[in-house]
Amino acid sequence: MASEQQTPLLEFRDVQTFYGRIQILKGVNYTVYPGEIVCLLGGNASGKSTTMKTILGIVKPTKGQVLWEGEVINNLRTAERIKRGIATVPENRRLFPHLTVVENLEMGAYTRNDASGIAEDLERVYEYFPKLAERRKQRAGTLSGGEQQMVAFGRALMSRPKLICMDEPSMGLSPALVDQNFELIQQVNEQGVAVFVVEQNANAALSIADRGYVLQGGRLFTEGTAAELLENPELKRAYLGG
Amino acid sequence: MTAKTMTRDGRSGLHDALSRLPGWVWWALAIVIAGVFPLLNVAGLVETAWLRVGVISLIFVMLSLGLNIVMGETGLLNLGYIAFFAFGAYTTALLSSPKFGLQWPFLAVLALSALVAMVAGFLISVPTLRLRGDYLAIVTLAFGEIVRLTITNLVPLTNGPNGITGIYPPALSSSADRGAGGLAAWLVIDKPVEYYYLVLVCVIVLAVLLTNLKNSRIGRAWNALREDELAAVSAGITASRAKMLAVVLSAGIAGFAGSLFAYYSNVISPESFLFMQSVIVVCMVVLGGMGSIPGVVIGAIVLQALPQIIRQAAGAARSDFEVYRMLIYGILIVVMVIFRPEGLIPDKIFRYESHEVDPRELERTRQSLFDLEEGEKDLEV
Amino acid sequence: MSLDHIVSVTIGGLTVGMIYALIALGYTMVYGVLKFINFAHGEVFTVGGYVAAFTLLAVGVDADSSPLMLAGALVAALAVAVLVPMVLGFVIERIAYRPLRGRSRIIPLLSAIGVSIALQQLIILIFGSKPVTIPTLELSSASVGLFGVRIRVLALVIIAVSALLMVGLTYLVKSTRIGKAMRATSQDMEAAEMMGIDTNRTIAFTFLVGSALAGIGGLLVVMYYGSLKYDAGFLYGLKAFTAAVLGGIGNIPGAVVGAIVLGMTETYGVSVDLGFLAWFVLAGLVLGLYVQMVHVPRQRVGHISPDRRTPEYEQSIVNVYRLTPYHGVRVLMAERTDALLSVSAAHAMRLMMGNVFLAAVAAYMFVNASARIDTRWQPVIAFAVLMVILMFRPSGILGEAITEKV
Amino acid sequence: MGSVLELQDVSMSFGGLKAVDTLSFTVEENEIVSIIGPNGSGKTTTFNLISGLYEPHSGDILLKGESIAGLRADVVHDKGISRTFQSLRLFTNMSVMENVLVGMHSVTSGGVVASMLRLPNVRREERAMREKAQEILDMFPGRFSGPRQSQPAYSLSYANRRRLEIARALASDPALLLLDEPVAGMNPAESHEVMEQIKLLREKGYTILMIEHDMHVVEGVSDRVIAMDHGVKIAEGTYDEVANDPQVVEAYLGKRAADATA
C-alpha cells in the first residue's frame, strides 16, 4: 500500500514539545504515507496525547518540524489543518452532548463553506451509518456508546479528510465496541483515508495496523511493521502481556 | 560569605542580604516605626491629621487581617465583608450614644460588638457555605447590600441615612466617676494619640494571634480547603465546620474593628458601609498577598495611607480624589491578578494558581472533573 | 385588587422584567460559554445608556422636535448604544479576562470586579457624577388605553423590542454557524478546537452580542425613566444576574423567564397589600411542609439497605423529619454513629428552619394585611431573591437540580 | 468480626446509567486487594462510594462491621479510611510537610483559642505531629529528606507527588488505605519502587484496596484481585485465576489479545 517513493502525508522530524519547563516529546520522528494505518503505542504519560495535539496544532512544537504533504506546518492553525485534510476522533469521543446528531456532524465540517458539499457529505455519512439518519434530531448525549462512536467517526469524515487521527479507540469501551471501532477504522481506511491510531491496547491496534511506533517517556522505543512488533520480545513483555 | 556569592543570581547584594533577615527583624522594625510615629506628633513635628490617617489605616489593617482569613487562607471570596464591620459599629453606637441614652462599659461594648458580628457571620454561613466560590461571592455581596439597605431604611433604630451621632468615647470607668477627674479621667480614650495606641496594640495582638493560628492545624485545614476542597474533605477535614469557623472569626474581627471605628469617628452612617468599602478591603488583601499576614498589613497601609498622603500633598477636593482613588484600585485589582496574583509580599511558598501543570496530570483532570463536578451549566437555547 | 390595578402592575412588571432580560442574556451567555460571572456587565449597560443619552442631548431633541429629527436622533442613539458597549465588551474580554482563562473561579471574578469599579469611575470622570437626564419627549410620555387603563406606549415598545431581540438571539444561537460554535465551545472547548473552531473569536463574539443587548437595555432605560445615574449598572447588573440565576444560568430562555419573574415579584411586591402576598408565602409553606413531612422522608427510607430495613428503623427516619427538633436533636446528640439518621437529622433541621421562617413571614403578613412594602425596600426584594435562589436552588427554576454532596 | 471492609449489594447510578450494580466484596485484615477493569467499569465510583464522596442508592458498606454508607467523606476518614486519587489532588501551594500534617487533622485536636495562644498542649501536639510526619516521610527514603520537606508540593516531580499523596493518606494510621492507580503515569522503574513500597506497607500491617491498570504491579502485590466491568464484579480470586478468566480476558485484556495469544 505504502511506497517509500511517495511524499509522506504526515511527517514528524525530531519534534520536541514542552509544557512550561517539562519536556514531553523528546525528539520523535514519525511518517505516515497516504492510505496507511499507522499505530502509535505507549503507556500512560508516554506522550501519546501530546503527539495527537501536536498533529492538530493545539500544541506547537518547541523544536523540530511537523510536515504535511512535504510542507512545514508548525505554525498552522487547527482550522487550516482541518481544511487541508486532517481530522480527529478524540479519546472518549468528545461529542457535544447537548447538540443534536446533525449539529455534531456539521461541527465536523465547520471549516468548510460549501453548503451543497456539506449536504452531500452528510448524506454519505448517513449512508455509511444508517442508524444516525434515524437519530439525526436526537441530542448526542442521549445516544448509546456505539452510536456515539459512529457520530464521532461521522464527524471526522465530514471534513473530507486524508488522514484521521484516532485517539485511544479502545479506552473505556466494552469489547464489542472496541471491535466495532477497529472495524470502522478498517472500513474508513478502505476508502483510501490514512489512519493514525494512538492506542494502549497494543494487540488490538497491531492487528489492523500496517506499521507501528512505540513511544516511551517521550522517546521512540522502537518501530517497525505490525508483524515485526508483534514478535518483538521486549514489547511482548511490556505491552502485550506476554 | 563574600559579596560575590551573594550576587550569584544577579540581584544586588543588599537586596539579597535584606531578604535573608529573619522575619522578626521586620516585625520589630515595623512596630518601632508605628510606635514612634505618634511621638512625633506629641513633639509637634507632625500634624494631628496624620495621626488620624494612622488610626483609620490601622483599623483597615484589622479589617484586612480579618478578610484574609476567609479570602486568603480559606479561599472564600466575601464581597459583603463590610456588613460585619457595620454590625460592630452599630452595636457600639446603639450601646454607647445618646440615641437610647445608653453608655455601656467600653470593654463590654467591644466584646459585644464582635459577638453580634460573629452571630451574623454564623447565620449567613449556615446556608451559604455549601455554595461554589463564585456564587458564594455574589451571595455575600447580596448579604452586604441587604444589611446596608436595612440600616438605611430602619430609621427608628438607626436614624437611617442621617446615622447615629455623639457616640461616647471609650471609657474604662463609668461616666459618673469621670466627672470627678483624677485617675478616672485618665481612663478615657479621647485623644487621637490615645486612640492610635489603642488600635495599634489591638493590631499587634491580632497579628500575633493570627500568625499562630495560621501555623496550626486549623490554619492548615483552611489552606487545604483553599487548595482542593475534595482532597481536604477526604483527608478528614469537616469543610462546613472549618469554613464556618473562618467566616465567624473574620466577622468577629470586623465587628471588633467596627466598634473601634464607631468609638473613634464619633458618628456613623450607612455611607461608611457601601459595597465599595468591601471592595477596598478585598483590594488590600489582593495587593498585599492573599494568605500573607505581613503582606496584608502592608497592603492595607499602602492603600489607606498612601492616597491620603497624596491627597494632602496635592490638595485635591475629596470627591474628585475618591474617583481617582477608586479608578486606580479597580485597575490595580486587574493588574495584580493578571501579573502578580501572589501579591506584593507573597505567603512563604504561595504561588497562587500559577503552577506549571504536568501534562500527565492534565490528561487525567478531565476525567476526574467529569466524575465529581456535576451541575456545570452549558449554554442552552 | 381591581382588574385595572392588576393590568397596570403587570405591564409595569413586564417592562422592567424585559429590561432585566436584555442585560441578563449577557450574563447567561458569558457564563454558559466561560463559566464565569462577568461582573462588569452592569457597567457596560450603564455606558450604553449614557452614550445614548448624550447622543440625544447632542442632537438637541426636545418635545418640539420634528418627527424626522426625532427618528434620526433615535437611530443615532441606537447606533452608539450598540457600538460603544460592543467595543467596550470586546476590549474588556481581551485585556482583563482572556489572560486569566483556566484559572480557578474567583480569580477572573476578581478581575471583573476591578473592571467594574474602574469603569464606574471612568463614567464619572467622563460624564460627571450627576445623573444624565434627557428632555421629555412625546414618544416617551404617550399612552394608550388598554382594558380601561392608561399604559405608556413606550412600555409596550420595550416589551415588543425586547421580545423581538430575544427571538433573534435564540435564532442566532440555535441555528447559525457562529451560534453552534458558541454552544460547542461552551460544551467542550478543547473538542471545539479540534473541529477547527476559533474559540477565542467565538468567545469575543459572545461578549459582543451580550454587550450590544445590554447597550440597547441602557437606551431603553434612559428613554423610559428619562435619566440614568453613573452607578445604575450595579443594581441593574445584580438584578439581571439574579434573573439569570433564577432561570438557570447558561439557559437563554431561562434568563428571560427569570427576568420576568423577578420584574413581576419586585413590582407586585411593592404594589399590593401584604395580605395578598401572604397567600403566596403560605403556598410556599405548604410546599415546604410537604417536602419535609412526606417527600424527603419517603426518599430517605428508600435509601435504607434491605437487610437493615426494619419497620422501627424506617419509622425513626420518618420521625426525625416529622418531629424535629426533639427527635432530630436527640439523634444528633446520641446516635451519631448511625449514618443515615445523623445525616437525616441535620437535613431535617435545615428544612425545619426554612419552614419556620416561612410561617413567621406569612403570619406577619396576615397580621399586617393592609400594609404595603415601602418602595424603599424594593432593592432588598431583589437581593433577597438572589440569596434565596442561590442558597436553595442554584440551578434555577428551569435548571435540573444540582446534587452536590461534600 | 473479620473483614475490615465489606460491601453488601452496593448500587449507584448516574441519570439511569448504573455505574455500580449490586457490588459485594470484602477486604480482610492486612490484605492487599486490587480492582481491575476497563475505564468506566465503576472502579473509581466504587472508591468514591467507600470514601464517602457518593452516597449509595442501595446496599450497605461496613467498616469493621459498622455501617459507613452515606456518611460524609470527612467522617469516613475519621472512622479509618483514607485514600489517594487517580488524578493527583495534593495541596499544591502547601509544603511537603504541611501536606502530611493535613492528613493528621482528624486525629489531632488543637482548638482555635488554644492554637491562637500557642498553649503548651498545642505545642506538644504540634511537635508530636511533626515527629510522626517525619517518620512517614522517612518511609520514602531519599525522596522527602531535609530541605525538600519545606518546599511546596508543586515543585515535586510527578512521581514524588504520587508518593506524597500516599504519605498524606498514611498520616492518620488508617484501618484501610484506598490507592487509586498509584503507579499511573510512572515509568517501569518508578512503578517497581512503588510496588516495593506497597509490599512494605503490608509488612507494617496496613490493609490496602487498590485500583490499578498496570498488571505487573497487580500481579506483584495483590493477595486477591477483583475484576469489574459495567459496574458488576465479573471475577474474583488470585491474580492467575482472574487473569485467565475468559470473561476478564474478553472485557479487559481484550478479545483480540485473547485471540492473538491463543
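Chains here go by letter, A, B, C and D, matching the order in which they are written, and residues are numbered from 1 within each.
In this section, a contact is a pair of C-beta atoms (placed from the backbone, for glycine too) under 8 Å apart; a residue touches a chain by one contact, two chains touch by 3 or more.
Remember, it's a predicted structure, so these values are computed and weren't measured experimentally.
Student: When the contacting C-beta pairs are counted for B-D and for A-C, which pair yields the higher total?
Tutor: B-D is joined by more C-beta pairs in contact.
Student: Looking at C-alpha means, what's the farthest chain from chain D?
Tutor: Result for the farthest chain: C.
Student: Could you give the separation in Å between the centres of chain B and chain D, each centre being the mean of its C-alpha atoms?
Tutor: Roughly 40 Å, centre to centre.
Student: Rounded to the nearest whole Å, what is the centre-to-centre distance of chain A and chain B, using the mean of the C-alpha atoms as each centre?
Tutor: That pair's centroid distance is 54 Å.
Student: Measure off the straight-line distance from the CA centroid of chain A to the CA centroid of chain D, and report it in whole Å.
Tutor: The separation of the two C-alpha centroids amounts to 34 Å.
Student: Can you check how far apart chain A and chain C are, centre to centre, with Cα atoms defining each centre and the answer in Å?
Tutor: 44
Student: Tell me, which residues of chain B touch at least two other chains?
Tutor: 230, 233, 239, 352, 356, 358, 360, 378, 380, in rising order.
Student: Indicate the residues of chain C shared as contacts by at least two other chains.
Tutor: Each of 183, 187, 406 in chain C touches at least two other chains.
Student: Could you list the positions in chain D whose residues touch two or more of the other chains?
Tutor: Where chain D meets two or more other chains at a single residue, that happens at 39, 53, 72-73, 75, 158, 184-185.
Student: For chain C, which residues count as touching chain A in their complex?
Tutor: The contact residues of chain C facing chain A are 177, 180-181, 183-184, 187-188, 190-198.
Student: Given the complex with chain B, which residues does chain C contribute to the contact?
Tutor: Interface residues on the chain C side: 28-29, 31-33, 35-37, 95-96, 99-100, 103-111, 113-122, 124-125, 129, 170, 173-174, 179, 182-183, 186-187, 234, 238, 241, 245, 248-254, 350, 374, 376-377, 379-380, 383-384, 386-387, 390-392, 394-395, 399-400, 402-404, 406.
Student: Would you tell me which residues of chain B are touching chain D in their complex?
Tutor: The contact residues of chain B facing chain D are 209-210, 212-213, 216-221, 223-224, 226-228, 230-239, 245, 249, 347, 349-352, 355-356, 358, 360-361, 364-365, 367-368, 371-372.
Student: Given the complex with chain C, which residues does chain A contribute to the contact?
Tutor: 56, 58, 77-79, 81-83, 88, 90, 94-99, 103, 106-108, 110-111, 155, 159
Student: Please output the residues of chain B touching chain C within their complex, sorted ascending.
Tutor: Listed in rising order, the residues are 75, 77, 79, 126-128, 130-135, 137-139, 141-143, 145-146, 149-150, 152-153, 229-230, 233, 239, 275-276, 279, 282, 286, 319, 323-324, 326-327, 329-334, 337-338, 341, 352-353, 374-381.
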